[in-house]
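Everything on this sheet refers to the single structure shown next.
By letter and in written order, the chains are A, B, C, D and E; residue numbering begins at 1 in each of them.
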Amino acid sequence: MSDASYLSLEKLTLAYGDSVAVANLDLDIRKGELIALLGPSGCGKTTTMRAIAGLLAVKSGHVRLDGTDITRVPANKRAVGLMFQSYALFPHLSVYENVAFGLKLKGMRGTELDTKVQSGLKSVGLSTFANRKPAELSGGQQQRVALARSMVMEPKVLLLDEPLSNLDARLRLDMRTELQRVQKETGVTMIFVTHDQAEALALADRIVVMKSGKIEQIGSPEDIYNRPTSSFVADFVGFENIFPLENGKMKTGAGLIDLSGDLSSHLSSGAPSAAGLAWRPRMVTLGTGPFQGTVRGTSFAGDSREYLLDTALGPIKAEVEASQPAHALGDALTFDLPAEKAAPLLRFV
Amino acid sequence: MSDASYLSLEKLTLAYGDSVAVANLDLDIRKGELIALLGPSGCGKTTTMRAIAGLLAVKSGHVRLDGTDITRVPANKRAVGLMFQSYALFPHLSVYENVAFGLKLKGMRGTELDTKVQSGLKSVGLSTFANRKPAELSGGQQQRVALARSMVMEPKVLLLDEPLSNLDARLRLDMRTELQRVQKETGVTMIFVTHDQAEALALADRIVVMKSGKIEQIGSPEDIYNRPTSSFVADFVGFENIFPLENGKMKTGAGLIDLSGDLSSHLSSGAPSAAGLAWRPRMVTLGTGPFQGTVRGTSFAGDSREYLLDTALGPIKAEVEASQPAHALGDALTFDLPAEKAAPLLRFV
Amino acid sequence: MFQNRAEALALALPAAIFAAAVFLVPVVILLSDGFRVPTGGWTISAYTDFFSNSLNQAVFLRTLRLGALVTVASAVIGYAAAFAIVSLEPGAKGKVTGLVVLPLMISPVARTYAWIVILGRTGIVNQAFQALGITEAPLRILFSETAIFIGLLQLFLPLMIISLISALENMPKDAIPAARVLGANWFQVFWKVVLPLTKEGLVIGGTLVFTGSLTAYITPAILGGSKVLMLETLLYQQVAVSNNFVAASVIAFILIVMSFAANILLKRVATARNKQRSQA
Amino acid sequence: QEKTLTISVYALAQDEYKQIVYDPFQKICGCKLVVETGNSVERLAKMEANKANPVVDMAVISMADALAASRAGLTDKIDTSKLSNFSKLYDVAKDPNGDGMSVGYTFYATSIAYRSDKMKIDSWADLLKPEYASHVAWPNVTTNQGPPALYMLGLALAKDTPDLKAPIEAVGAKKGEIVTFYEKSSQLVQLMQQEEIWAAPIGRFTWAPFTKLGFPIAWATPKEGQTGGMNVMTVTKGSKNRDLALQFMDFWLSTEVQTKLAEKLIDSPSNKDVKLPEAIANNLTYGEETAKSLKLIPSAVALDNRAGWIKTWNEKVGQ
Amino acid sequence: MTARSLFIPITLLLVIAFLIGPFLIIVAASFSAGETLAFPPQGFSLRWIAKVFTVESFRASFGMSLFLAIGGTAAALILGIPASYALSRYKLPGAEIVRTIVSAPIIVPGIIVGLALLRYIVVPFQVGITLALFLAHTALVLPYAVRVVSASLDNLRSDIEEAAVLLGSSRLGAFFRVVMPNIRGGIMSAFILGFVTSFNQVPVSLFLSGPGVRTLPVDMIAYMEIVFDPSVAALSSLLAFLSIGIVFIAERFLGFSRYV
């Protein structure tokens, strides 16, 4: 075992009956690393987690933890914690007892147990709900019980399946901090699924992007966010203006168009084999540039304002600071897709 | 009935047993309006929706729809749709049958039914899953079935309880568009709970912020986002730097400090009775200004970078464009809380 | 949605009234005979008399023991079997359940006769044991407490399995995986999660088995060779031979109390696991 | 309006009874016959419950139960002058309990069926011999064969007190060896077939199946003699169809009907005019001599000692 | 994993062998030429099967038993399902009392039930025996209906009923459309247990029999009292296969709601 592969998935294939959900997945995770698992609904995130936890029989491939092949080790012997997307709280147990469940199984008793459970409840803000049954809690409260239940266990690997999806933004920030604190204190290796990119960016050491049961890209948050390697990842992380390249030309609604000199040289120096180019809405410059467009839609997003433009290239999304003067539907605008900002894509899928 | 109160809640009090979850709530909603319900976990959002739908007996107060008091009208006679936070899919029915359920009850049959169900499934991207049972779907897929099931019904009022919480960002954008399309086509009045502020801002005509079973503020997205009236709302929507005012002075970790002339005049003209002031991290200017701070934390958030500063005023959060030069932990910085950007708070809670 | 008291009563009362009128009242009147002094007034002397007899005590304890053994065995086997059945594919599930149900339709007398064929000195079991060299001479399994145990278990196990199947079927799907990842071994999963979530099934199944074992007459009579007295045997003697219905009602009441106690005990057992001290 | 006669009988051989007794009688009387079946106990219990408003007109029960019924005031004296066949009955059947309340219509011997190749039975006590006991099934005291068998064992042990203490103790002492104390005689054929047992005291009416097993099985004639039992007819007190009931009883006791029932091996006749071929007779309890020789327990003794027998039995055998 | 995957087939094999073993002896005997039960069976013949159909009293009592088992179980389910629904979905005052009352019939020895009903229902109210039997069997099956169905309902999430109502179903409709299909297993179990209990019921029926009214198991016991010939085995086998048929039909019937 190298340090770089504390937890490793090797050619992991997982299936429900005959339908393969995850195929040939390879992934190495360092000890203490915090991995965010991203990907569209149904791409196999939960499935992968269940296999790591030992809840799903592996069709082929291996799971190794700390040098040992645990592919056939039963779930209760893995020291892998899992917070279920569906919470899976025990309906017959109170909040307190739900959180205490695993600790008791470890043999913890008395004040030690109580202190631990109480602090777990406190960390998710549910101290006053200890005696409620799960059915008497709101959705977000249930989710926090599930979170507390898996965190107090301090497993070697903690898998969190959309741990914060039902929490408000404010609370989510607190919980993020809490996760980081626990991670720092216990050095746990953590994989969490999230659909909230801010969360992934803020928390993760590395982000794994999955697509249809396969890994599409692995990288640091900056990598994924700024340097998506494929059109799929680019689209997924918010590069909404994406164009394929064909013979060095950009394929648009208006046909193949030559790249500007800037862009052309930017590419040939940085990514000579690029198969496409992508710009986030925020990267599109409005009010100046070689292209023409008409405002077809607009929406407010707090700090900024988004415009949907009808252009010869096809629809273009642009985002500008909310403090800038607003454009109305039907306004004609010039815009640019600045060369230095374009993300070159290696694969176009 | 005035147009401004197509759906109205009057002094609505809701309780579980003896514990009051929602107290004396008043709310008027226009026909065709799209309301976002925001608030911390456990504040009573689901409870309110259940009461509107007729699933929860009203302790006191009234629910009126289109001029009729429906407080005691049974749930199935209300023409109010609800998408459950827990999905509540019928486990024994296929995805198709789940979506067709309500339509069949309306007497729809044959091709009309089929067309409708298929288009519902298509709109949530689940056409190929029609024959699966809910247990064979991923979390996000289940959520989309629930969404489709409630949308195809085209009720007068559609209540969506965290409809998109388990979807990835990309899909969430598509679903948003879909919701807007349906809303436009059918003119349905919609209330949705979301913890995603971008969603609330982008979709909602008005936002209702709840706290502990009461309404804290109602307003347009711009209002809520830029002009929170209370420290609670300010904090909730991301004004992370909040200070109370005492006798015209700002109460900070360094004691009461005088307001700068700018700020003072800004206040006395705009909000003479302000009880507090708030700045978003993005409003804090770094590198210049009267205050001093040391970088204690930093985090990446895609487009931007966040700094947590230790200052005499207390901890301050600042956010700057990621393209700006980065500061390291321990760096000393000057900063300003610009007067013109401060949001004056009427209540400090 | 479900806070309407009138609605609840309207749903529950017909069954309750029916059971009370058709069943409870006549039975209570009959049983009250055992508490009556012929000259008027009430007494429990029939019960103190019954228990002061050492034979009766022994029979009582034996009945209790056998009932408990059969109940525990059927619970253990029943859970394993019900678990296995529930995890089958829908089609196979129906067929296997059908197989479990089949023996229930055989007349209990015929079934005990079949056990005579199986357990007899020249029966299949003894033949197998001898062929495998496990025993030299044929074992005397028939006409013993063991034979009664086997007969009763076969008679009542299906009731337990069927009760448990319906309880297991709707158990929340992720409860067991959740317990597993929290470190529970299969025994703990069962004890702490499955048992409390299926307690209604266990209570009903256990009560059926226990009560059935207490009041079984034919099986102890035939397979026990009447060498092993049970309370129901005494009851039957009072009714069938002595025509003493008051004495019979005393024994019946004791049996009822035993069943009722078992019912309560079962509920306790199933719930005990989650009565935990919470210092919150 | 058609008259209805309700009778209460043992549940045995109802198809044959219908053919031989019920249907022909309905033709003769032009009345409707309703038949209730069951064992003595439950039928007596029902008669008792319906005492004020009797449902049954005529009941067929055991001799001892008949005495119990008459003691409980459930039956009436039988006007034998209305029974044309009364005089044809064996004397023992005419008034078995001596109270004028019952008439015997059939009786049976009880002795020991045994494997003649494996053992030799000369006395009831032979069953308890060490080399035999572990191949014997003994009737439970609660069965009809139980007390008579014990009674005969008492005679063999020369300790024939009405409380049957000595024979019960003797059986109790061998309880570990004795294969089973049977409740239903039907299981004996099974046990005999499987060679679990070689011998058991049985009533003659269950004899036939043993002869078909393919083993040498004999009917013992122990030196103490055979015992047995008698079933009788009674008329319910307060019956509204007394004459019809008597007419029915008379029909049943007729030589023709008794012969037919005997030929089907259902009931041994109590009518001495019945003549049977040897093959049939051998499977029944037939003939005046046989009838007279049976050592029956008097009903009063049975009734008065029943509870005591059971108590002793439970202590010695059931413990 | 392998231990677990073996657990299921092995458990099932052992349990079924144990439960079905005696049944196979009975079936074998039904088709045997011998006079007793035996294994291996002695020869092959259909005479015992044929004999079953010639015993006249079996026919009448079979009809009675079938009526009681199906009618009584159906009546018990009609009374019991609403009660179990109330018990598991509502906060019912006195719920424990109701539960105890409806469950009581399973813990009282049958002889006592039969006698009590004879003395205090049949005689004083002059209730017909058939009706009395029907009432008694309904009462006896009621506990299964209530408790077994409760076991299913308790674990069934209740939000789906709310969802059905919001999609336009009436409360009753929601019950039939989304509750019933999901507790079919429980109802089926209750039906099987009830049917079998009723059909095999001896002690209660002993006293509740009257002129011309008898149940099959009582008849069978009477038939077997003195002579056991394999026709009883044959009858048992026939009944077992019939019950499979009935269970199958009930399955179809209960499963019907799936397509409503």
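FYI, a residue touches a chain if its C-beta (ideal position, glycine included) is under 8 Å from a C-beta of that chain, and two chains touch if they have at least 3 such contacts.
As the structure is a prediction and not an experimental result, all values here were calculated from the model.
*Asks:* Where each step is a move between two chains that touch, what is the least number of such steps from chain B to chain D?
*Replies:* 2
*Asks:* From the centre of chain B, which chain's CA centre is farthest?
*Replies:* Centroid comparison gives D as the farthest chain from chain B.
*Asks:* Across all chain pairs, which one has the most C-beta contacts?
*Replies:* Per-pair contact counts point to C-E as the maximum.
*Asks:* Find the chain most remote from chain A, comparing centres computed as mean CA coordinates.
*Replies:* With centres defined by C-alpha atoms, farthest from chain A sits D.
*Asks:* What whole-number Å value describes the gap between the mean CA coordinates of chain D and chain E?
*Replies:* So the centre of chain D lies 36 Å away from the centre of chain E.
*Asks:* Could you tell me the distance, in whole angstrom, between the mean C-alpha positions of chain B and chain C?
*Replies:* Comparing mean C-alpha positions, chain C is 56 Å from chain B.
*Asks:* Compute the distance, rounded to whole Å, between the mean C-alpha positions of chain A and chain B.
*Replies:* Using C-alpha averages as centres, the distance is 21 Å.
*Asks:* Mind checking the centre-to-centre distance between chain A and chain D? Centres are C-alpha means, answer in whole Å.
*Replies:* 88
*Asks:* Which residue numbers or ranges of chain D touch two or more of the other chains?
*Replies:* Answer for chain D, listing residues that touch two or more other chains: 39, 45, 184, 187, 190, 194.
*Asks:* Would you give the residues of chain C that are in contact with at least 2 other chains, written as numbers and ranges?
*Replies:* 1, 3-4, 109, 113, 116-117, 123, 172, 197, 236, 239, 245
*Asks:* Provide the list of chain E residues touching at least two other chains, using ranges where the numbers run on.
*Replies:* Residues 37-38, 115, 119, 157, 162, 165, 182, 224, 228.
*Asks:* Give the list of chain C residues in touch with chain A in this complex.
*Replies:* Against chain A, chain C makes touches at 172, 174-175, 177-185, 188, 192-193, 196-197, 274, 276, 278-280.
*Asks:* Which stretch or stretches of chain A touch chain C in the complex?
*Replies:* 50, 53-55, 74-76, 78, 80-82, 84, 86, 88-94, 96-97, 100-102, 105-106, 114, 118, 121, 127, 130-131, 149-150, 153
*Asks:* How about chain E: which of its residues touch chain B in the complex?
*Replies:* Answer in residue numbers: 157, 159-160, 162-171, 173-174, 177-178, 181-182, 258.
*Asks:* Going by the contact rule at the top, pick out the chain C residues touching chain E in the complex.
*Replies:* Contact set of chain C toward chain E: 1-5, 7-9, 11-16, 18-20, 22-27, 29-31, 77, 80-81, 83-85, 87-88, 94, 96, 98-111, 113-118, 123-124, 153-154, 157-159, 161-163, 165-167, 169-172, 197-198, 200-201, 203-204, 207-208, 211, 214-215, 217, 232, 235-236, 239, 245, 248-249, 252, 255-256, 259-260, 263.
*Asks:* Can you tell me which positions in chain A touch chain B when the two form their complex?
*Replies:* 16, 38-42, 45-47, 85-86, 136-141, 143-144, 161-162, 165-172, 195-198, 201-202, 221-222, 225, 235-238, 282, 299-303, 306
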